[in-house]
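In what follows, a single structure is set out as structure tokens and then discussed.
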Amino acid sequence: MNVGFLGLGTMGKPMAMNLLKAGYRLQVWNRSQDPVAALRAAGAQAAASAREAAENADILISMLADDAATRIAVLDGGVLDALKPGAIHINMATVSVTFADECERLHREKGIGYIAAPVLGRVNVAEAGQLNILAAGAPVDLARVQALFDVLGQKTWRIGERPSQANAVKLAVNFMIGSAIGTMAEAATLARGFGVAKADFIDLVTSTAFAMPVYKGYGGAMAAERFEPAGFKLSLGAKDIKLALEAAETVNVPLPLASVLRDNHLDALAHGEGHLDWAAVSRVAGRRAAQES
Amino acid sequence: MNVGFLGLGTMGKPMAMNLLKAGYRLQVWNRSQDPVAALRAAGAQAAASAREAAENADILISMLADDAATRIAVLDGGVLDALKPGAIHINMATVSVTFADECERLHREKGIGYIAAPVLGRVNVAEAGQLNILAAGAPVDLARVQALFDVLGQKTWRIGERPSQANAVKLAVNFMIGSAIGTMAEAATLARGFGVAKADFIDLVTSTAFAMPVYKGYGGAMAAERFEPAGFKLSLGAKDIKLALEAAETVNVPLPLASVLRDNHLDALAHGEGHLDWAAVSRVAGRRAAQES
Amino acid sequence: MNVGFLGLGTMGKPMAMNLLKAGYRLQVWNRSQDPVAALRAAGAQAAASAREAAENADILISMLADDAATRIAVLDGGVLDALKPGAIHINMATVSVTFADECERLHREKGIGYIAAPVLGRVNVAEAGQLNILAAGAPVDLARVQALFDVLGQKTWRIGERPSQANAVKLAVNFMIGSAIGTMAEAATLARGFGVAKADFIDLVTSTAFAMPVYKGYGGAMAAERFEPAGFKLSLGAKDIKLALEAAETVNVPLPLASVLRDNHLDALAHGEGHLDWAAVSRVAGRRAAQES
Amino acid sequence: MNVGFLGLGTMGKPMAMNLLKAGYRLQVWNRSQDPVAALRAAGAQAAASAREAAENADILISMLADDAATRIAVLDGGVLDALKPGAIHINMATVSVTFADECERLHREKGIGYIAAPVLGRVNVAEAGQLNILAAGAPVDLARVQALFDVLGQKTWRIGERPSQANAVKLAVNFMIGSAIGTMAEAATLARGFGVAKADFIDLVTSTAFAMPVYKGYGGAMAAERFEPAGFKLSLGAKDIKLALEAAETVNVPLPLASVLRDNHLDALAHGEGHLDWAAVSRVAGRRAAQES
């Protein structure tokens, strides 16, 4: 089976590598050439363009930064014309539901399957092939690509038959992470207002009621005021909160907690903190309370 | 050492029982007589009043419902006059910071130590003597009562020297729990707007990024729409969110996420849902999106 | 008819003066002596205490700063014991609904009428006897004091028979003023984000869709960044927003816009802006957007 | 001077009529034919397409429903190719700032002037030629079209040189109107929680501190629960709040009050109230407090 793979960023690269190791023939493409070399060394073919990577593919996987990057590479890049009828495109990036719906329609018009399969897990999880895969699309298509998912992840969650459903769920999860960060920030600011050090409070909660990686990871950065290098950039968190609200808007669902988070992220962006780690959005709570950081 | 114990509710009863088992002499009091019998059977003496339970106590523990119940039993009930100078009163209930400050002042005037020691953990944790104890007060007093804390909990977290600091931290933690519930509710409502069943979404998130008791417990109730019997009543959650906001107000800390939660709880109370389990506040999100529950 | 008058602040002084001019015999009291002299010069008798001002009063009017000041002067000051049975106390201050309910009960127990009659209008309106009076209490009591209201105001609005109803309405109006300020601030910050000067935007809106005193007054201060001397202090606005939320809480009414305003006022208080004019809360919006003021 | 006029809806029709009366030669176009007849009877020429209306125009005015309608008629409809170099297009509709920026760029590439000139005022104001016109664009272009503005409005407010500035200001004003409605709704719900009839409260506030058309108009509808026929549809209000938030997002300005309004509008849309008058968004506050309407 020929697999095309577009997007060899922090997540895409280890995912592609795992597919290679599992014996798949890969044609890979990335906008910049840096990550391509490693894949070639491991046996992948380098395509000169997204279109070329798609030409012989039975399955095309894309793991690009966002809607815009996917639009440029796939929709504007001629990928749909290059793919064979009957091929399947699996979009594993976190994109908007509106874009997912548009992609589905455009693929269907060309007789190409379209699956949305965003993932849960950071780089180390991707490397271990232990991602949780949130997959939505036609059941027959999902069945055809399950073997690839089994290489990439520990579990595939079938979300539904409309691809955008998986994107909605992924955005809902990221909103929950954003809320965990924002809530911990407010709570730590309250504690600090009573003279309890932020680090002590975070140690307490992440050792007791909230002893789990999401809280420990972002809480640790918050406690240490260590926001560089960014594990996941604040600006990306801001984008996902925005996409969650936009998704909710299309189905008339009010999300007042997400609205507060959105305002906090704009506050952080206005203060030039978009390049920092997502945990840095915690500064907003302290700033509003006039607490020195 | 003589220990007085006021308040034998769901939490107080197993805590008092553990102290008895550890060999302490207990004089217990409760407003209603029902839980007293079990303690007597286990060797405790029953006091006719809070005041009587305090008379010979070296240490007095109170675990009463809220500010009002503590005010009636302790402040209005003559407990401060009954306690010996040098005695220590440990208030383990979740009370307001303002009330804690008032208690501290009144005890100090009588030469009685006052420790705030609210706890993290539900009934089963209390039974197992595995609570996390958030303790604040004079270090010399804390040292004197540590042996009792060791019976009741797995760990004592020293929060500070001013008792209300521990109450502020406890309220901050409960706000975090309330936000976890409210956030999960919004996220599930978003998913449901895209045709993904609430139970499926909650199963997904509590198996992956949010695989922890707080989310699993409340999420399970939410998924099953099973809100009775209440493990922890929505009306109590509403009270704690309110107390967290009031605590923050005294130190000029804005808590916009908590403000949203407060509004949601009022919405639930207005709809007659205060007696249900805290997880029932999730209905607010669904109701606003006009989703049938 | 003997009228006692407690509280000769910026509002109380001109109100008392108008009653004197209308021929009423006044016994006045104020915590500080400064404003008393002017009233004496105009024919009022100065009382040595709130209690003394109440002793011969058929009608007692109080216009004190807040709950606490009223509690000290009236409830703790022995005024209820001093008033004759059948006397009526008109509380014209902006107090909490809870305090109003407590006052009503205590007065009723003594056979004294209690009317809540907070007012709309600033000092110049009070001087002109053109206040809008929001009155609630027993109809028979309201009828007895209408002649005094006719001296003080242009119109008496009968709100209901329970005094706290008038306080709730007054707080609702002040919340609306706070929201007008906060909204204008957000809108001006948005305009400024597009390079439109704040003063130009405010000139536009207060000359067109929002050409009215509330917007012009606070907007003018905002446009000029002129917050001293304070016409109405930000800290008092913060208090009224808080009281509006507390009133709403007693009847389970969510007020999400008021919640946002509350957070903004805490932000301003945390930044040491409580002594400035209420319009200064507009700074919060600009600060969050990192706009230089 | 030849004037093309696209969009003869409730606002566009009286505006076009006023230009005719002032002696301008008009070529008019509307998607549906109904309103065209009246204009022809008054001396306008009917164009078969937007493109045709643009062909001989020195000035082209468009007053179409929204971004989408303008995109279809103007950008996709070939209007830019039809307009003569040196012609000026005045877009008087309430469109997004992003669309305004896109329009400006596309017009500039063709050598055509682009002015944004959204207006303040309802139909009766348009009929009277008393609109307030918020105009932004190149000063030389603005000077050329001032005579037309003088026919349509009582005053032209020069907002800036970038067209989208005028759109941002218009959205900021509409957000203020939305906040006035939403605030009055919350305040009335609070009053009603204390047994004060909504109509009485609204009569009070719109006769005193908020005695102005915006509050009287929407308040009157709210008091009478009379939401049909819609003067301005709730769904359009929802759109404008959304566009204000999107505009603010592009310049990193948090608008927490607008965020609350957005959620309330989604709540109303979810409950099928989008076709009602904007004042109907007040129902959300009552519904959350479980007050019968």
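Residue numbering begins at 1 within each chain, and the chains themselves are lettered A, B, C and D in the order written.
Heads up, the rule we're going with is that contacts are C-beta pairs under 8 Å (C-beta built on N, C-alpha and C of every residue); 3 or more make two chains touch, one makes a residue touch a chain.
Please read these numbers as outputs of a predicted model, since none were measured by experiment.
The chains that touch subunit C as well as subunit D are A, B.
Greatest centre-to-centre distance from subunit A is found for C, with centres as Cα means.
Work out the mean CA point of subunit A and of subunit C, and you get 53 Å between them. Inter-chain spacing, taken between the CA centroids of subunit A and subunit D, is 38 Å. Looking at subunit A, residues 248, 252-256, 260, 263-264, 266-267, 270, 288-290 sit in touch with two or more other chains. Against subunit C, in their complex, subunit B makes its touches with residues 242, 248-249, 252-256, 259-260, 262-264, 266-267, 269-270. Residues 256, 263, 266-267, 270-272, 288-290 of subunit B are the ones touching subunit D in the complex. Contacts from subunit B toward subunit A in the complex involve residues 97, 120, 132, 134, 157, 159-160, 162, 164-165, 168-169, 171-173, 175-177, 179-180, 182-184, 186-191, 193-196, 200-201, 204-205, 208-214, 244, 247-248, 251-258, 260-261, 263-264, 285, 288-290.
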